[in-house]
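What follows is a pair of complexes built around chain A, which joins chain B in one and chain C in the other.
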Partner chain A sequence: MIESEVARRSLIRAVRPDRYSESLLERLVTSHDLAPMPKVAALAFKMMPDAVIRPKEAEEVAEVIQIANSWDIPVTPRGGGSWGFGGAVPNNGGVLLDMTSMDKIISLDAERGIVRVQPGVVWLRLDEWLRRRGYFVPYYPSSAPGATIGGWISTGGVGVGSYKYGAARDNVRSLQVVLPSGRIIDTAHISDSKHPSQFDLTSFFIGSEGSLGIVTSIDLQVYPDPEAFFPASYSFANMDMAYNALAKISEARLKPYHVAFVDDNTFRFLRAMGREAPEVGGMINLVFEGQKAKVDEELKFFDALMTSIGGKRESDAVSHHEWMERSYELRTKKLGTGAVIGEALVPIGETAAVARETLQLVKKMKMSLAVNGYLIDRGTVAFLPYYLTDERRWIKSISSLSFVKKFLDISNAHGGRGVGLGLFMANNVRAMRDVNTVKLLRKIKYDIDPHGRVNGGKTVELKLRFGIRVGPRLFRAGMNALAILKRMYPRDKYDRPVPGGFPGGEHP
Partner chain B sequence: MGPADIKKVLTECSDRKQPVVTATSEILQTHSWHNIPGAVIIDLSRMNAVRIDLQRRLALVGPGAKFSSLVSEAQKAGLAPEMEAAACLDFTFADWAHESLRMLSTSNSGVDGILRNIKVTAPGMDYQTGFDSFPANGGGYDLTKLFLSSKMSLGVPSEFAIPLRPVPEIAMKRICKFDNAESAISAGAQVSRSGYARSVKLKSNGFDEMLAAGKTQKQSKADCLLVIRVEGTKPLIDAGMNFIDGVMAKSSGKTVEDKPDIPMIVDPLSINPAVWPLGICSVDTKALPYLLKGILDISKRSNRAFEYTVSDVTPTSSVLIPLIQGPYSKELLGAIGTYLADSRVALRGNPNWNPILGDARAVSRVDIVKGIKKLVDPNMILNPHVMEVF
Partner chain C sequence: MIKIPEERELYACLQCGYCRAVCPIYAETGWESNNPRGKLFALKQLANRGPMDLVLGRDPKPGEDFKMRLYQCTSCGACDEVCHVNIKLAHLWEELKEWMLEQGFEPLEAHKAIREKIEKTRNPYGEPTDKRDAWLTDKSMLSANPEVLFFAGCTASYRVGFLGQAVVKILKAANVKFNVLGEDEWCCGSPLLRTGQTGPVKNDLAPHNTKAIETRGVKAVITACAGCYNTMKNDYPAIVGKPTYDLYHLSEYLDKLIKSKRLVLKKDPANKSPYLGVKVTYHDPCHLGRHARVFDAPRNVLKAIPGLQLVEMPYNRESAHCCGAGGGYKSAYNYTSESIAAKRVQEAEEVGASFIITSCPFCQVNLNAGAKKIGSKVKTVDIVQVLEQFI
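On to the complex of A and B.
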């Protein structure tokens, strides 16, 4: 509840009564994201907002921020909540801006191929809207059916199609942002958008996880609907061969549209759920798009390459199925009651080593894990291991969270880094950037947001609910303690047994 | 000179509040540092090392290194940079950084695809704008584009991290002639969108002659050349060329030449010293024909020929670089400079982009930059003329 009645009334007036809520249900729903956070986390963070506000226009966002500034109320922007690092979760209550209400597709400039959208538009809806007009958006998160455009851009935006079309920052031409002061800016003009001049701020706000301002409109580069689109899946006897195939693809002179991989454990999980899944050691999914002649040539080229390194081309039906499953990698969480994802960017040559050490870690921590991922450029793999968890057993569940930190330590040791920071991984910024740069980033945050009200205490620093900053040592010690606790527990059990078990033979 | 030396100079000058300017190769008329009295000049030309990191497929390049050095070092390892020297001129990376990389053709990728990280020394602190090995997503704030668009007012670059790719099996260049820029730009945008082309550039018919031989026409002509680079395997190139044929058949363009592409990179100091780039102008591609028409009008009025190149023709925005061969008067240079500046403002049609006019949104935007400038350069000594504009 917002304590001051005057502040409460001002906030209601800034939007409309039907777009202001203090209902327990709405506050509960917005108090977590994809990661299941146990109740005990409330000791450290006040993740439940005091009010949920659904703005419709940038001016409303600006007014809410100005009121929040007057009454010292924290503000947290939230998109689809489909990330797992707590970036869209309050760390000290306050107002939660549910940006899914800003869901207008404003305009399409067909000549330039630029679509202007509000941040709450869901990727899948934008793609469907564009396809009806002869265009498509070739880059999007794997969580496209639920993730919003503003949310993904705030996390930096690598995902499906990044291998060919780049990350979000390569395709966002301009942003409208409400600053923590309540003032509104445009980050770049269309004529400078691809070739920056005059202090281009677009990339600066992309990936800032909503901590520098709240994005209220986005200009995205979109492309004509391709003449041909073709997925082709290749199975391998084991994952080492599949990781080698990723390296070979990245060295090739041609580029597919998308390159993804799925490990054998994913298929075992699926079979345990009673779904049909191929019995293979691993799978590489390639996707080609563009002019038909170009797609034909690329397919021929990669078919020869994959066959030469031990890949077996799967049927068109399997390939199509794998492509359609790209947004449902966590289907298997029904085996537990939830799943937690670790996300890291790993140098392509280190992928097999990171995978091997991750499996050893999992064995020690008595967990079950599967891995999928994709190439985001010629040198980098987005490596996404996920483990199943049972949130009903909260001590076991919270101690399992230490896996994410331990996994990131493995990837860091191999020259990799985490995909994002948010709330839970904010201290990881020290492992990603050098000391001076981290100091500068913090100074920038406080220069733009002197009181740290807009999504504060995250991304470049970790702050608890009482404004206490937690350094990486304390965080590391806490995670180590949780990891030891997890090892003391018996091996994880799930509602349904997994046929054949997992590496380490953990399943009863 | 290395980063440690730069640090010493900057610290000393910051203590004394003495202005510091970074000198690049002095061939761009857009530099305005000559007019800062008492400034210490940091010459980056000797920081010209190029290191190739084979494992990470990365080039680590000093600000004084020329683009041709990068290409030749990468080639030795069977690799190539993602970027091309759009204006054919072999500038140093300090030059490119000063001009926001706008003279580098990036084909279908943005700055991220061609440049990852810049190590920066500033009076207040050293920092890195992004990551050497990864795209700068979700790891704190990305400062790369901001640095590139700051005309080195946010620090002195000491190293650029540039991703490399395999050298293509075959690369072909197709040159198509058009009698007017409007049709050429429209065709170029279509080809750019198709995904077949590695790069699409436009240049006036006399551009190469002026650049290479110093010959010039009496008056600018309307005809121009679209230069399309296609690369990959032989069948892919054939498919690309067929597509371009289709586009040309629907426009007024005629293919005049197909040849294996060896990108021309000319040392600016080796060309006729009287040839000058008059400015580097990011423009909305839609407005480009209008700008080029205006340049032709000035040419007619002054009875002097201008040549031009347009790097990276895309459906969204392009970069126009007009050139002139001397002798020329200040009035003439002023006329075209003013025309380009005025056109940019007029064509934007949006006063948000004129902070000088006091628009609130532009002022807020500039305030962010000024705040960051104060953090990295508390006494505002580094390239102070850039911020003074605002």
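On to the complex of A and C.
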């Protein structure tokens, strides 16, 4: 609850009474993201906001921030809440800005191929809207049916289609941002939005995880709806062959629209759930789009390439199914009742080594894990392992969370980096950047937001309740202790046996 | 300790929010607690109550506000369709409403009134039981040895009798021998099942209707109401066991009649059909489509009409948007219900349709109310109203 009655009244006036809530129910259901945090975590972080506000316009966001500044109230922006690193979760209560209320598609500039949207628009809805008008948005998160545009670009924005069309950074032309001071800025002028000749302010805010300001409008590059679209899946006898195939694809003169992989454990988990899944050692899913002749040429080219390195072309039905499942990579959560994702960008040549060490880690930690991922450019793989957990067993569940840190250590050691920092992985910034860069990042944050009120205590530093800072050493020691604790427990068990045993170990 | 139905499913929920993006109620209110994901998260906190809540200074327990959130649901099942981990959400919401009532909460006033009327008069409108078949003016059409039994449903019986009349006219044109239950037809129980008041359905309505049908010895039952069809197809077997008859939604039966050439559709015999020369679109009722998986039959019937220009709205079949009337929502929250309907009408306008054709009397009523709300000229009619002009 907001303690000051005057502050409360001001905040309500800034929006409207029907877009302000202090109800326990509303605060409770907005106190989390995808990560299944045990209740005990709330001792460290005050994850439940004091009030939930649903703004409609940038001016309302600005007014809320100004009031928050006057009354020293933390502000946390939340989009679809479908990330897993706590970027949209309060760490010290305050106001939660539910940005899904800003969900208007404002305009489509057909001449320039630019759509202007509010940040709360869901990716899939935008794509559907554009396709009815002859356009499409070819880059989006795999969580497109639920993720918001503002949320994704705040996390850096790599995903489906990034291989051909680039990341958010390559496609966002301009942003309207409410700064932590309450001032509203536009990051680009219409004439230089595609080729900024000065300081690239748009890029500055992308991937800042809401710590430098709150995005209230986005100009996105869109493209004409393609003439042809074709998915083709290739199975391999083992994942080493599949990782090798990724490297070969990245060296090819032609470029598919999307290149994804799914490991054998994913299929094993699916079978354990009673679903049909191919019995293969791994799968590479290619997708082609564009002019029909070009798609035909690419298909022929990659068909030959994949076959030459041991790939087997799966049926169109399987290929179509794999494509349709691109947003459903965590169906197997039901197997353990919980699943926690790690996400790292790994140099393509290191993928097999990262995979091998990750499976060894999992074996040591007596857990079960599957991996999927995709190419984001010719040199980089987005590597997404997820482990099954049972959050009803909270000590085991919380000790398992140390896997994410350990996995990021592996990817860092191989020249990779974690995708998200947010709240839970904020201290990982020290492992990815040199000390001077981290200092500069912090300086930028505090120059823009001197009191760290807007999504403070995240991304460049880790702060608990009451603003208590936790340094990387303490964080690392805590994670190591949790990992040791996890190894002391018996191997994880699940309700349903996985045919062929669990990855990295014997059948429980 | 509170025992919550399907507790394991609460933990399986990924919180991905795919359901959030398709929930018609959330689209209206915008509150996280109104969408399926939010409700599941709140329930998980209830299932997981413990001393830690006291330490954290909170005490999540089922309250009136949570009850309201459960009842602010049209039972459309759109969440079910997109669920990342295949939780049977539509079923879960109904179970949870029942569970809330078991915890001592009262049903919403509008729903309580429906129950009282059904218990007293066997229909949710409180109309006299002996007027149940008053819509059927010519009783001589009834066969003593029928092929099918037409289960008219309460709404066609008491509110939109012209639908029943259109059905019998079409059956007669196809030389189908039929009969009705008359006073023996009671409410199917759908309004009670969807609002958590399952007792009278399990103890009374379902056993009675099943016995009444089986006593007649018919091999097939047809109903023109999506709600009745869904209830008899998906709920009755769990209550009264496997039926001894084949159940058809009218559109399925008509599809059969047309395919077997028993029903031959003519090219606008009266030369005055308002449905020709304009675009028409089909709205999938949630209870017929997503819940009962009947998507093709009504479309096949409409495609068999010579000259009818059928266009699809962008959201159709499994992803069809709800009209806002189901799950007892309209009776309790009429204003928002009509706002949801208005959005669906706008979708029909966007594809240039002059008529929305549907197979559910509730959808028809609410879509027309939605059109009125926004001053739209789009009119919603039942599939039988269209078909009767071509026989």
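Quick note on the criterion: the second predicted complex is superposed on the first by the 503 of 508 C-alpha atoms of A that agree within 3 Å, B and C clash if a C-alpha of one lies under 4 Å from a C-alpha of the other, contacts with A are read in each partner's own complex, and residues count from 1 in each chain.
Definition applied: a contact is a pair of C-beta atoms (placed from the backbone, for glycine too) under 8 Å apart; a residue touches a chain by one contact, two chains touch by 3 or more.
Bear in mind the structure is a predicted one, so any value in this text is a computation, not a measurement.
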Checklist entry - In the superposed arrangement, does A:Ser23 touch chain B (first), chain C (second), both or neither? => result second
Next on the checklist: In the overlaid three-chain picture, which partner chain does A:Leu440 touch, first (chain B) or second (chain C), both, or neither?
Outcome noted: first
Checklist entry - Looking at the overlay, what does A:Ser143 touch: chain B (first), chain C (second), both, or neither? => result second
Checklist entry - When the two structures are overlaid on chain A, which partner does A:Gly166 contact: first (chain B), second (chain C), both, or neither? => result first
Checklist outcome for this item: Across chain A, the partner (chain B or chain C) reaching more residues is B
Checklist entry - Between chain B (first) and chain C (second), which does A:Glu128 come into contact with in this model arrangement: first, second, both, or neither? => result second
Checklist entry - In the superposed arrangement, does A:Phe466 touch chain B (first), chain C (second), both or neither? => result neither
Checklist entry - Thinking of the overlay built on chain A, is A:Leu330 touched by chain B (first), by chain C (second), by both, or by neither? => result second
Item to check | Parts of chain C lying in touch with chain A, wherever the complex brings them together | outcome: 8, 11-12, 14-18, 20-21, 30-33, 38-39, 41-42, 45, 48, 50, 52-53, 55-56, 58, 60, 63, 65-66, 69, 82, 84-86, 314
Next on the checklist: Touching residues of chain A toward chain C in the complex: what are they?
Outcome noted: 19, 21, 23-26, 28-30, 32-34, 36, 39-40, 42-43, 48, 52, 54, 80-82, 98, 100-101, 122, 124-125, 128, 132, 143, 145-147, 327-328, 330-331, 333-334, 337-339, 390-392
Next on the checklist: Can you tell me which positions in chain A touch chain B when the two form their complex?
Outcome noted: 111-114, 155-158, 162, 165-171, 173, 179, 181, 183-187, 189-204, 206-209, 212, 221, 223-224, 251-254, 290-291, 293-294, 297-298, 300-301, 345, 347, 349, 376-380, 415, 417-421, 429, 432-434, 436-441, 443-444, 447-448, 459-460
Item to check | chain B - residues contacting chain A, complex | outcome: 55-58, 100-102, 106, 108-113, 125-128, 131, 133-146, 148-150, 163, 165-169, 193-196, 232-233, 235-236, 239-240, 242-243, 282-287, 312, 314-319, 344, 347-348, 350, 352-353, 360-361, 364-366, 368-369, 371-372, 374-376
